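Let me begin by presenting the structure, written as C-alpha cells, before commenting on it.
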Amino acid sequence: MDLLEYQAKQLFHEMGIPILPSQQINHPKDLKGLKIPYPVVLKSQVYTGGRGKAGGIRFVENTIDAVAAAQTIFNLPITGMYPAVLLAEAKYDADRELYLAVILDWSARRPLLLGSQQGGLDVEATIGAMQQVIVDQEFSPFYARRLALKMGLQGELIQSVSDILEKMYQLFLQKDLDLVEINPLAVSPAGELMALDGKITANDDALGRHPDLAALQAKIPNQIKTRILPRDLSETTLVELEGNIGILCNGAGLTMSTVDLVHQAGGRLASFLNLGSEYRHNDSPAVLRDRIQQGLELMMQSKNLKVVLVNILGNVMLCKQTAEAIATHLQRQLDSCTTPFVVRLVGDQFDESRQMLQALNLPLFDDLDEAIAEAISLSNSVLRAK
Amino acid sequence: MNFTLESKVLVQGITEPLGSIYAPLMQTYSGQILAGISPGHGGQELEGIPIFDLVEQALFSVGTVDTSVIFVPPYQVLDAALEAIAAGIRQLIVVTEGVPPMDMMRLCRIAEASETLVVGPNCPGIIVPGQILLGTHPAEFYTPGKVGIVSRCGTLTYEVARELSQAGFGQSIALGIGSDRVIGSTFQQWLQILDEDEETEVIVLVGKIGSDSEEVAARYIIEAIDKPVVAYIAGRTLPQSQYTGHAGAVVSSQIAGLRDEVGTAKSKIAALKQAKVPVAERPSQLPDLLKQVLRGGTKSSPKKS
Amino acid sequence: MDLLEYQAKQLFHEMGIPILPSQQINHPKDLKGLKIPYPVVLKSQVYTGGRGKAGGIRFVENTIDAVAAAQTIFNLPITGMYPAVLLAEAKYDADRELYLAVILDWSARRPLLLGSQQGGLDVEATIGAMQQVIVDQEFSPFYARRLALKMGLQGELIQSVSDILEKMYQLFLQKDLDLVEINPLAVSPAGELMALDGKITANDDALGRHPDLAALQAKIPNQIKTRILPRDLSETTLVELEGNIGILCNGAGLTMSTVDLVHQAGGRLASFLNLGSEYRHNDSPAVLRDRIQQGLELMMQSKNLKVVLVNILGNVMLCKQTAEAIATHLQRQLDSCTTPFVVRLVGDQFDESRQMLQALNLPLFDDLDEAIAEAISLSNSVLRAK
Amino acid sequence: MNFTLESKVLVQGITEPLGSIYAPLMQTYSGQILAGISPGHGGQELEGIPIFDLVEQALFSVGTVDTSVIFVPPYQVLDAALEAIAAGIRQLIVVTEGVPPMDMMRLCRIAEASETLVVGPNCPGIIVPGQILLGTHPAEFYTPGKVGIVSRCGTLTYEVARELSQAGFGQSIALGIGSDRVIGSTFQQWLQILDEDEETEVIVLVGKIGSDSEEVAARYIIEAIDKPVVAYIAGRTLPQSQYTGHAGAVVSSQIAGLRDEVGTAKSKIAALKQAKVPVAERPSQLPDLLKQVLRGGTKSSPKKS
C-alpha cells in the first residue's frame, strides 16, 4: 500500500526526521487560514510520480495566488486521478539535494540501503549514480555510514545523513515497509538536512499488525483501490479483457498457465479470476466453498462473458467440494444464468463429481486440453449463433 | 537433505484449519508424523498424532526430528520457525501464505547462521513419491521416478506432475519453493541439491512471470548445474501489467539496476535458452522435451548417465 | 531508577498489558471527583515494598471512607517515606494470582524470564517455586511459552500468559529496563488476565536515551534521590561515616582498597568520595581537574573532617593535573580552610608535583602505606589537640 | 589471544577526549596503532596516526588488524563493536564507561556467535609489559615478568601492578575485565587463557565487593585452573550497604536463588579460600603470597614448573 506524501511526512516527523512546516488543504478556502508564512509550495497529493511535470506543484506568494493555484490543482487529474488533498509547505533553500531509500532486496532476502548525491530527479534518471549497501546482519548504524561514504559524502554530512538513514531504517523495520524513500533530502548551505519529499510503501501482508497504517488504507479513494492486490475473500480481483471466455482458477501459476493455454488454442478471454493459493492458514473446506461461490458470482459480472471455464486443482477433497460449490451456485441462479460452464477437476472423487454435475448438464473433464477445447468450441458456437 | 522413509516429521499448527486437513493426509502417505504442536492443545490427539504445547516438549517425548511442516497463521510463522530451530530442527517447510517479508528476512538470516533449510513460505512443500509427503501435494498426481521438479508455483506444480506421471515420467522429488517474493530456499539452492541427488536424472523447473527468480536460476544453471534441465514458464500470453508482482518488487528491481524487462516471460525464456534449457510452451509438451534431453545425455561434463 | 506503581502501570497500558481502571490521587479531596465505581482500593505510591503490611493499602466502599483512608495513607510513612501520590483503583476478583518478571541475568549476560503460580506474595517467599527461562538468542514468543509451561500452566492460559510476557519483554527491551515485574497477575474465573501490581526499574546508564523515563526521574522527591548512584559530575556521592579522615579517590576498587587500608591501620573515616573511573569517554584533562576540585569542595562539607587523604592514580598526566587542582582549590580557600591534606600521587611528574605542593606546605607521598600512616598520625594529633 | 609486538591495532573514537589522550600513549608504547576511526574526520591525522571514517576503509588502507580499542561514547559502543566485528576484527577492548546493559547483551550474543573476544566495557584494557599497551594502564607501573593480573577494577589494578613491580614481580600480562555488571569476557575466560599462556606462571586475581563474579571465578578455579592463583578483594571493611552494586543486581541475585550474602567480602573470601586461593589483606601483601605459592609449586597436577 502506498502512502501519500503528507502521510509519509507524518511518519517521518514521528521518527524525528526533519520536515518543513506544512498544512493539509482539503479545500481551496482552507488557504485563508494558512499558518505558514509565504512563499509557500502547494503540492497535489496523488499516488503517482511525475506530478511536478504535470503541473501538480506550484509556488505561490500570497493568499489570492494560493487559492487560485489550489483550485487549478484540485481540478488537475494526474494520470487520471484527482487529488483529495493538497499539501501546503514552506519553501526551502537547498544547497544540494540527495536521494535516500530503504527497500527490500527480494533476491538477497535482506534490506537494502540506497543513496545518491543526485537527488530531486526521477529515480530512473539517476540509477547510474545510485549507491547500495546490503544490511546483511542485524542493522547497526555503521551500515548507514557505509552508504554515506559510498555516496561520496564527507565531514559532518557523513554523520548527519547516516542519522537520517538510521531513522528511515527504524521506520522501515517497525512499520513493515516495502519502501521508504526521501527524494530529495535537501542540504542547506549550513549543512542542515530537510526531507522535502518522501514516499512510503507499506507491505500489504503486514498491514494486519499495523492498525495505524491500515486506517490510512481505509481512507484511500475507491478510484485507485485497484492498486491493492487481492488479500482476502472480499478482495479477490477479477481481471477483465476483451474476449468472451471466463477462467476461474486457483493459484497464480495455474491461472496464468490456463490463460496461456486458452490463448494458444485460439480462445479469447473475457476475464480471469484467481481464487488464490491453497496456503491460507485458515482455509477450512467451508471457507473454500464460499470462496468458489463468491468467485463465480464475481465472474458472472464480466462483460461479454459467454463461457465459464473452471479449472481447480488441489487435495483429495477439493474435487467434490468444487463440484458441490458449482452445483449450489447454479441451482441458486437457475433462472437468471444461462452461461454455459466447462469444468475441469481431478481426483479420486471425479466420478462422483461428474454425476453431480451431469444432473445439471455440465460437462466435467479431467484433461485440461480437452476442457479448453470444449470451452473454445462453446464460445465459438455462441459467436456463430449471434 | 533428508527426505526419505526414515525421516521423522513434526507438524506445527496442527490444529489450524490447514494443519488439521493436511497432517492426516501426510500421515496416511507414510506415517512419519511423530507429533503435532499447538500451544494450549497439549495432551490431545489428531487422528492418532499426539499434540504438544511446545516443540522441545514434543522432542523430549518422541525423540529427534528432521523436519517440521509449519501451518501456523502468518504472523506466527517466524516464531514457530525460530522455536523449531532452537530445538535443533534443521529442515523447515512453511506452507502458510502471507508471512510479512520483514519476518522472512529475519528468518533467512537466522536460518543461514544455523544452516537450516527453509522451504517456503506460501508453498506446497515437498513430495518424494512413494516415500514421504511434506506439505499439500495431492499424492495421486505423483509417481516414483527420476525427474526432479522444482517449482515456484503451487497448483501448477500438481498439473505439471500429473502430465509427467501420465507420460510415464515418475518423480524423484517434487517441491514448490514458494510463491512469495521473500522465500527461504531458492531455485539455485534446489538446483544444486537436485544436481547432487543420486535419485534425480533430470530437472524440471517450473516458473511464472514476475520477479527475477528464473533469470537468476538460468545464470546459475550455466555456472554450476551438470544435469539436464527443462523448464516451463506460465504467463507468456498475459498482459504485461498483470501479475508482474508487487509494486515494491518493481521499484526494487529498477533501483537495483536490473533492466526494465526483468520479470517478463520474454526475459525469462531468453535467459533459460541462453542456459541451453529447453522451455516447454505448455505443460503437456514437457514429456517430449524430457525425452529429447535424456536422449542427448547430460548438459555438460556428464558425471553419471 | 525505580518507577512508582502508577508510572509502571502507565507503561503497561501503553504496551497493551491489561490494567484496572485507576486514578491518580494527589490530595484526599481529589476523591470527590473519583470516576471509578466503589468499592475501590487506595494504594500508597512509595518506592519500597511491604506497604500492604505497613497499612499503605486500604479498601474503601464510599467517598467518606475514602477521604478518611486517603488522609491516613498520606500521613503514613513507609520505611521513612511519605507518598506524594495515591493510586485509586477498581477492585478485582481474582481466581488465581501469578508472578511474572523479566530481568537482566548479569552472569549469563542475557535477559531472564521469571514466573511462578504463587503470585501476590513477597518474591523472597516464593523463590523456591520460581521458574526461569534464559533468552539465549534474539527473543521470540516461544521463550515466553517455554516459561508458561515450566510454570505448569495449561490450556488457553499458556497463550494468554505468554502474550503478557511478550509485551513485558518488548517493554524491557524498548525502554532499557533492569526489571519489569507483574505481581500479582490476576487470573479471573473466566481466564482473563489483569496486572494488579507492577514494578519497573529503568537502567540508569540508558536514561539518556529515554527522555520519557528521565522526565519521571526529575519528579522523584529529593528525600529518596540518594538511591540514585552517581553518574555525572553533579552527582558524585559523598559517603559519610563517623570518624575524622576524609578520602578522595578515583575508581571504586581503589577507593574501597584505600578505605580498607585506613581502617586496617586503625584510622577512622569521616567520609570517602569516589571521583569515578577514568573511562568516561568525555573526560578531557579540563573535566578531570574540575571534577577533582568539585570533589574536594564536596569533601569539605563532611562533618568531623579533620584530615583529607587524596589518593589518585592514573595516566602520566594525571599526577601533575591533580597537584594543580589541589593547589588551585587550596589557594581559592586559603583563609577558610585549615584542614590538613595528605596527598598520594605517582608518576613521572612526581618531583614537579611535589615542588608545587611543598609551596603550600602539603606533604606528597608516592607510597600509599606511608601516606595513610601520615593521615592517621595527623588525625590522631588533631584528636589529642582537642 | 594475540597481544604481542606483532599485533596490529585500531583505535575507534580516536578524536574523542579519552581516545585522543590514550591513542598517542599507546602508540608511544609500541607503535602498533595502524589507524584511528572517527566518522567525519577521515583524512586527518592524530600525532602521525591516520584517521578514517569507517573501519573497513581503514583496513582497506592499512591491511588486517587484530584488535580494536574502543573509546566512542557509551551509546555508540555497540555500533562501533559491530562495525569492527563485521570488518573481521576478533579482539575488542571497550574502555568507555556507561554502556547500557541491553547493548552489552546484544554485543555478547553476537560476539559469541562470531567468536570475538570482548574486553570491557568500563575497563583499563590490557598491557603486556614491554610489548603492547591496549588501553589506559600507566605503563610506568608495569615491568615484564611472569605474573598474570586479571582484575575487575581500574585504578586498583595499577596499584596492584605497582606493588608487584616494586617487589620484583614483573607481569606477563595485566588486564581489567571491566567494572560494569554486564561485561564481555569474564574472570573464567581469562583464568583459562592465562592458565594456557606460556608466559604466565602465576595468576593474581583482583576483585571487589558487589556482584557474584569472584564467587563464580572461585568455583571455576576449583574445576579448571592448574596454575597457582592469589587474590586481593577490595571493600572488606566497607559498610555492607555501600558499593554492593546496583539495585537491579541485588534483585537479580535474589530472584535467581543465590544466597543473600553473595557479593560481600566475606562470601568472596570464603569462596576463594575454598578454592585454595590465598587472599591478600592488602595489595602490599601480594608479593609475599606470590613467593609462598611459587615456592609451593602449582596448585595441582603441574603441567610445567
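The chains carry the letters A, B, C and D, assigned in the order they are written, with residues numbered from 1 in each.
As a working rule, a residue touches a chain if its C-beta (ideal position, glycine included) is under 8 Å from a C-beta of that chain, and two chains touch if they have at least 3 such contacts.
Quantities reported herein were computed from a predicted structural model and do not represent experimental measurements.
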Label of the chain whose CA centroid is most distant from the centroid of chain A: D
Comparison of C-D and A-D by number of C-beta pairs in contact, larger one: C-D
Rounded Å distance, chain A centre to chain C centre (Cα mean): 52
Distance from the mean Cα position of chain D to that of chain C, given in whole angstrom: 26
Computed distance of Cα centres, chain C from chain B, in Å: 55
Multi-chain contact residues (two or more partners), chain A: 136-138
Contact graph of the chains (line, ring, star, complete, other): ring
Touching chain combinations (by label order): A-B, A-D, B-C, C-D
List of chain C residues in touch with chain B within their complex: 136-138, 140-142, 145-146, 149, 154-159, 162
Parts of chain A lying in touch with chain B, wherever the complex brings them together: 2, 101, 103-107, 109-112, 114, 123-124, 127, 130, 132, 136-138, 173, 176, 178-179, 201, 203-206, 208-209, 227, 229, 231, 239, 241, 249-254, 256-257, 259-261, 263-264, 276-285, 287, 312-317, 346-348, 368-369
Footprint of chain C on chain D - complex, ascending: 13, 16-19, 21-22, 25, 71-75, 95-102, 104-105, 108-109, 121-124, 136, 138, 140-141, 151-159, 162, 179, 181-183, 206, 208-209, 211-213, 216, 232, 234-239, 242-243, 246-249, 251-252, 254-257, 281-284
Contacting residues of chain B [partner chain C, same complex]: 39-40, 42, 53-57, 76, 78-80, 82-83, 86, 106, 110
